[in-house]
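In what comes next, subunit A is part of two complexes: it sits with subunit B in the first one and with subunit C in the second one.
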Partner chain A sequence: MAPAAAQAILVVGGGISGLTAAIEAAEAGHEVYLVEKNPYLGGHVAQFYQYFPKLCPPSCGLEINFRRIKNLPRLHVMTMAEVARIEGEDGSWQVTIDQSPRYVNGKCTSCGKCTDACTLEIDNPFNCGMDRIKAAYLPHDMAFPQQFVLDPALVKSDEAQKVKEACPYDAIELEMKRKKIELKVASVVWATGWKPYDMAKLETYGAGKYPNVINNVMMERLASRQGPTQGKIQRPSDGRAPRDVAFVQCAGSRDENHLAYCSSVCCMAAMKQAMYVRAQIPDARITIFFIDIRAMDRLDSFYQELKRDEKIRFFKGKVAKIDEEGSTNNLVLRVEDTNDATLHELKMDLVVLATGMQPNTYDDPVPAKSVEYDDHGFISPPDGKPGIYPTGCTRTPGNVSDAAQDGTGAALKAIQSVVRR
Partner chain B sequence: MTNKIDPKLMRDLERFGLKDACKCAHCGNCTAMCHLSTPDNPFPRRFVRYIQLGQRDKILSSAEPWLCYYCGECSERCPRGADPGETMMVLRRYLTSAYDWTGFSRRFYTSESFELVAVAVVAGLVGLALWFFNTGHPNWEHADVNSLWPAASVEIADLVMAGILSFLLLSNSYRCVKFIMGDLLGKVPLRIYASQLKHLVIHGATQKRLGECKDRMPWYVHLLIMTGYATVFLMVVVLLNGLGSEGWKFQRGWPEYPLWNPIRLAGYYATFGIMYGTTYAILGRLKKSRPAYKNSHATDWMFLILLQATTVTGILIHVARLVDWPAGTYGLYAVHMMAAIPMLVLEVPFAKWAHLAYRPLALYLVEVKRQYHAEASAPEQTAVAVSPEQGRA
Partner chain C sequence: MDKKTAAYLCTGCGIGDALDVDAMGKVATKECKAALFRKHAALCSEEGVQLIRDDIEKEGVNTVLVAACSPRAMFRVFEFEGCITDRINLREQVVWSHPAGHEDTQALAEDQLRMGAARTRKSELPERFTPEQELSKDILVVGGGVAGLTAALEAARAGYKAVLVEKESSLGGFQKDVQGMATMPYKGVVPNEIGRLVGAVEDHKGIKVYTGATVEHIAGGPGLFDVAIKHNGSVAEHRIGAVVLAAGWVPYDPAKLPKVLGYGASPRVITNVAFEKLATSGKISRPKDGKPVRNAAFLQCAGQRDPQHLPYCSSACCTTALKQALQLKQQDREANVYIVYKELRTPGQAEDLFRKAQQEGIVFIRCQAPEVIVRKGRVSVEAHDELLGDKVVIDELDLVVLATGMVPATAMGKVDAALEPKEGECPKVADDAIVPADILNLRYRQGPELPGLKYGFPDSHFVCFPYESRRTGIYAAGCVRRPMGIAAAIEDATGAAMKAISAVELTSRGMAVHPRVGDTSYPEFFMQRCTQCKRCTEECPFGAINEDEKSNPILQATRCRRCGVCMGACPERIISFKNYSIGIIGEMIKSIDVPDETEEKPRILVFACENDAYPALDMLGLQRRTYNAWLRVIPMRCIGSLNLVFIADALSKGIDGVMLLGCKHGDNYECHFVKGSELANTRLSKIKETLDRLSLESDRVKFESVSITDYDRLSTLLDVFAARIQEIGPNPYKT
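Coming up: the complex of A and B.
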């Protein structure tokens, strides 16, 4: 057997798949390092308001996972950290981790006094930049670790000292520096997940230009009680509750000019979000523009349920373009109903684009040699070749339960790499 | 209504250049993207469907292929790379051959060797005609075409040719009307046909629908070619012999007109227009600079080559006459005719030139039908109104 230090497993990405892989491997008795870029764990799941099809909140599942972490002394969590370099081969990897300063140490009790003392504001990344927060902040209410963060802009400002003095627990360290951490691990699980496809690239939809054209992740934040509107679904342009809401499916998906593949979750996500609107604005009329509906197996009953709802209309046809009516910020969608080959221009108050999942490895590949990707940036290891194990949406787009199951699978593969030595 | 299916339609259309229509997954993006597609006449996706299903009759009775000017935005934005713009182009070739009762057009479009042989045969016949029918007394002192092939005689040949071509094009156009109007042909009162005639004239003269595309460059280029061509057509068919007056003769003997003579200036305009347009199109097709230029059918090249060869030899004749080089002038004149006549004889009734009749005709018939339906069933339009209503689909 190799020395114990070299039997550790590195999991990169603290979203649902990485979190699951790390916890499962640690619970099986292995030394695990979990590296997360954000100051909190949970990834996109933490941003979601509800899961489909049960419409239950993701917070309870995350809570259970965080609780499991607390019982695992062998699981070392590093937030605000990224992997800078990986060298070696299966069974023996030399890893360099780059950790940004949080400027807050473990003494933080989340009392919030630093926030009160701070006046500087930044765009809130957790809410997709739809609101602004103080530069001394807790990323979100459920954040794990439950520790505040200081934005570098605040640390550089004149206010820094005042904010530091506001802390009664001496938890703020303005001198905290960027850290380089060297690790020796036996195997690596890569779970850096996905991002919504950049909607500014969808020129014909005017996304990013028209305030009332948003994407499906923004819709999650609009519906969430901790979101920019405290859970009120409203038009970004004027705060009015929308009457006609459009969900535009395959916005840049299954499209050779953008993402050529189907992300598999957007249909269900749109239907789920249609239910958010239904629950909150009973007289709102909802149109879901689709090419094909992907609601497989048990999810089909959710689709059937929505089809029976007279406020929800399924419209077969890909929206080709969206124009804004200048003064009202209303939107006009031009679309062909492909069932009867008729051309329509439909006026909407709010448009939610189903932008697909793009793997983060598309722009930020694994900093290691010999990792293979498919045409879209997903890691596609040749069968049976041990090495770096992709999981969750790094491997293929999927929903939360797929990602969690995949994480467990990755944990098993990573363990096999360790015990094979 | 019967709905006949032709399972071989797609394979047949492949002979007209169809390539990617089978990739279409019917999202409808192209139809809603198109600036010219309207609730009354939506296209192109519907036509891709007809092709996939083998609905030949639906295609034959449709005006829409002629409403598309191939700006190519649908092809650029197609999520599947199904190239709907090119599919519409293929349908225009197909319809041109379907309207042609002689069956010549179909062979011309579907066989490259037939196309080449046809051009060669007509060119050869023209050469032979020029060889056998001439005065036999060329002026070797000055470059004077009329000394060898007098304008008056050429004018007669011209008119005979114009008569035959007009007969062919008009009879094909009648079939175009018959196909598009279908059962309505006899039902629509003449009054409506007459009232909408202005559309035929306006669209024929301006091609303003092409100007409605997002990118207007093709319209400007097309206008240049069209006005250049119309100018030279007038001069060749009407003014070749100057209607008997020496001062208006397009085929002038020796010497050439002074620089500012209107006939000479008109010739320059026509030459510039056609040369600019054809060069733009040839370079575009070589570089595949626009979606419409990405797929070049053999007939597209033949059309451009003949048109440009005609123009270039025309320029060279002009130069030879200016330098007063008799042998060069006569030789070039023969070559010029051997390019120009195949272009006219083959392209006008049977191929690409025929669109000059079919496009305005289709637009005109669309208006006729619209007017007829408006009058016949005013409250119940066939088209679905554009409205923000959100009824159940």
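Coming up: the complex of A and C.
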């Protein structure tokens, strides 16, 4: 008889699709391993300020999901872990998991004494590096698991011992090593999600060069109360509230030199972020540069609502070039209005690029044979055949509801592999 | 059960430094009558937990008070089988958010302990709901189109029996009359494989198919649904566990379209649905005279995204137009094919199909208001091309294809006369109206079908929980839920089948489904005191309570989500859970130590939604932000479970103010139980009138909606309310 774990399901990626897949499968009574690269669950969703179209906080649904996990002893969460190798076939996979050291063990009570003792600072990955935090940290307020992390730089530093001694609960293990974990599972769900397309590749937009050109994920952090500016939408260059804000759509997407596909969510995301600006800076003028506004199904009503807002201008045209205006760090956008073929130079205080979603499998494919990808790096669906089940944005770009919907379906495919054994 | 209570105080994380631990011990043993009181420097450590385990084993302790961190932290550490355990939040909501060593902080901590002890005093361990009848795990799928077929097949492949009901005489739904498909990976038009799917369903031993059949009624609840299926003049009966609603869509009636689109003016003006019928013959030719199609134009958004017709986008029509245009091009490379669109919507990889269409020479014209002109048998389209900035006339058209949208089958019933549009008015159905569409025919007091969300789609209102429906164990999938293409419908149906399986599995274990998954408690009704007022049956957001002919409530326990809204609604206070009841909360209120008037220390009771407001309070602690120490917080399953008697109890005890922290209500409600926060707010407005009558300032009671991330705002809200209460002065009912 196969060992009990061989009946288990492995879900790789703890963003909204993987999280949903893991919880759904576990609630139906299955044993599940959920592997997440970050020290916390939630993926990109945890970084978002609000969801469209309701403008409600993602933490609200995450809290429910985390509470579901708390009630599921057969759902095993492994953070700071990645899958190094998968071998086998449907119903019988041998998986090697590579777990980085957190340097903090399960005794951590999240009291924060290590942070108090630490002086070393690092760029805050949760805020896209826009601020700095102590190198002994809780990834963010609502982080689950609610456990601190020590940055490797701190562990190597002279301060390490002092920080370790500050912990009253013996929760810091400076000698913690990278760990290899071997698992036998019946099925694998791949949900490693997406990353924003590398802005630096959009040379004509000066992204990465001009401080006031940011991407849409950074905008989420700027708007968030826990973000680098405590939720104040301001220009990175001088901290001033912007009066003219541009949203440049299809920055990389629908462009054969970059991402040939449409990233699906950026139109809604830009409109949502326009609402962040509207709520905070009532006299700000907002321009959304677009090719087509893709507000699908009932989400279209959100678009119709914004079209009625006189502070929001929808500008049909693809921005050709962005230049910075010397000392002011203001930006000049060169764009052709496709409605009348006129060329415009528009001055902006802040530019938000809709950089689009690139699947993480583009650079980090599944470490297994027999996984097929489409031209863009998304995993091709196994077409009804059993195998490794891709879900969420590793399969196709989509919004949060799409990812949760897809994750739910993936849970069932994974269960079928267990049942078939 | 006979309770033996022990209280354990963790002195770690600053608790021991901030509080007078001995005084806490006295409260535990003297006032709360705990048989044992122990402290430990890290109760969550192995040693700390062992301390508790030893007492359970050796001292016969069966009721455990863990006075330590928030119940949101260290969740699996303090679980003791067979014991009533209460987590008393001294860390986040006392010592991390209030000054150490202060008398008010100490008073707060002592009250937390008293309230926890009171809660356990009245609580019992929940007993799982185990009905006498056998619970079924079979899945009923209503609708035999792509979504329904997929749902049945996917469920069956996971080992669950499925019953599929299709109203037409054969399976396949809309797709059975469709030739080519445009779906992932969107590289071109591929043959429709609906036949394969139908075959797989028909061949599967685990699926019972009824065609030419309808659902006569569905009674009962998850695990116990009694389904009657009308079929061939007789009625088949099935005991069912959960239901997938995949009744699909119907095309919007083209006769209602604006005249400028030319429908009816020429047989050459057809809809995208009629195009599929043309294509089934294998050759697409001009309607009526059968001549070849050399010139064709597709007009998108015909009666869509239009408040006079369908206000929404049907999602699939752009991709469908690309497919149909490509079919015409495949048939005749020389054909002139135009797509006139407002916004071209091909999300994700479907963009590849758009690019292919451009490569194939299909011409795209962006225009917001195209006009179809039929003159002397000639059909042309006039459009202002936004990209050229000029008027374009496409003449001598053999075919004009109008992209009419999808209307969910659930919106097709006869609506109440009150909702019927008047002459000249566009149809408008209230967002959560139940249209008697003759699909599920639920024997539910609250109506026969799923409540709509927007535009008649019974979609989920929750971004992160797309399958949340307001009828437990019934999940919508495919185009009835929201308009979508084939690829999405297949995924959607798989997900809905998963939810149905989850519902039958949880129900079979006597557990609640989302969002209180795993909860084994359920409400009990003390019927001797019921006055048949129907509040519980009307207010239950999930239609879990039916009525008999004398208006007595009859709980369908497996439909219940355990939110407690019924408990809050009942004026006779006869509804209670074993571990959550009027009595328990009353006892907690009673246990609060209210200083007399001369001490000038008001007491404010806060009822906090445990899903959002309570974690937000924890976050204040985590950030070490302080807030007023006169507040006493009672977590609620949903603020909608607030019974007005709690407020009366609090005020008559001398508590000076009461605050309700619930989720946002209104159109974009955030309440996980849909109506809970709205109901609480309504109830509150009623009590305010009473307060005024009793010359008690109605300002003493306040509802605030807070989101989970609202914590910076929350501390201010609390402080402002406390200041207001101080300004009003002491409650005259104070002893």
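Some notes on this structure:
Criterion: the second predicted complex is superposed on the first by the 417 of 421 C-alpha atoms of A that agree within 3 Å, B and C clash if a C-alpha of one lies under 4 Å from a C-alpha of the other, contacts with A are read in each partner's own complex, and residues count from 1 in each chain.
Keep in mind that, in the parts below, a contact is a pair of C-beta atoms (placed from the backbone, for glycine too) under 8 Å apart; a residue touches a chain by one contact, two chains touch by 3 or more.
This is a predicted model, so every value here is computed, not measured.
Contacts of A:K413 after superposition on the shared chain: subunit C is touched, whereas subunit B is not.
Legend: residue contacts after superposition of the two complexes on their common chain; A:Q161 is shown touching neither subunit B nor subunit C. By the document's definition of touching, of the two partners only subunit B reaches A:K347; subunit C does not.
Contacts of A:N339 after superposition: both subunit B and subunit C are touched. Counting the residues of subunit A that each partner touches, subunit B and subunit C differ, and the larger count belongs to C.
After overlaying the two complexes on the shared chain, residue contacts for A:T204 are found with subunit B alone; subunit C is out of touch. In the superposition on chain A, A:N71 contacts subunit C only, with no contact to subunit B. Once the two complexes are laid over each other on the shared chain, residue contacts for A:R254 go to subunit B and to subunit C alike.
When the two complexes are overlaid on their common chain A, residue A:K316 makes contact with subunit B and with subunit C alike. On subunit A, the patch touched by subunit B and the patch touched by subunit C overlap at residues 254, 256, 316, 338-341.
The residues of subunit A lying in touch with subunit B in their complex are 204, 244, 250, 254-257, 285, 287, 291, 310, 313-321, 334-347.
Listed in rising order, the residues of subunit C touching subunit A in the complex are 12-14, 41-42, 44-45, 69, 72-76, 154-155, 157-159, 184-185, 305, 311-315, 343-352, 355, 386-387, 389, 454-455, 457, 459-467, 482-484, 487-488, 491-499, 501-502, 505-506, 514-515, 517-518, 611-612, 615, 619, 622-623, 663-664, 668, 670, 672, 707-709, 711-712. Contacts from subunit B toward subunit A in the complex involve residues 25-33, 37-39, 42, 45-46, 49, 76-81, 383-384, 386, 388, 390, 392-393. Subunit A meets subunit C in the complex at residues 16, 24, 27-29, 45, 51-52, 54-65, 67-68, 70-73, 107, 109-111, 141-142, 146, 168-169, 224-226, 254, 256, 260-264, 292-301, 304, 316, 338-341, 374-376, 378, 380-381, 396-398, 400-402, 404-413, 415-416, 419.
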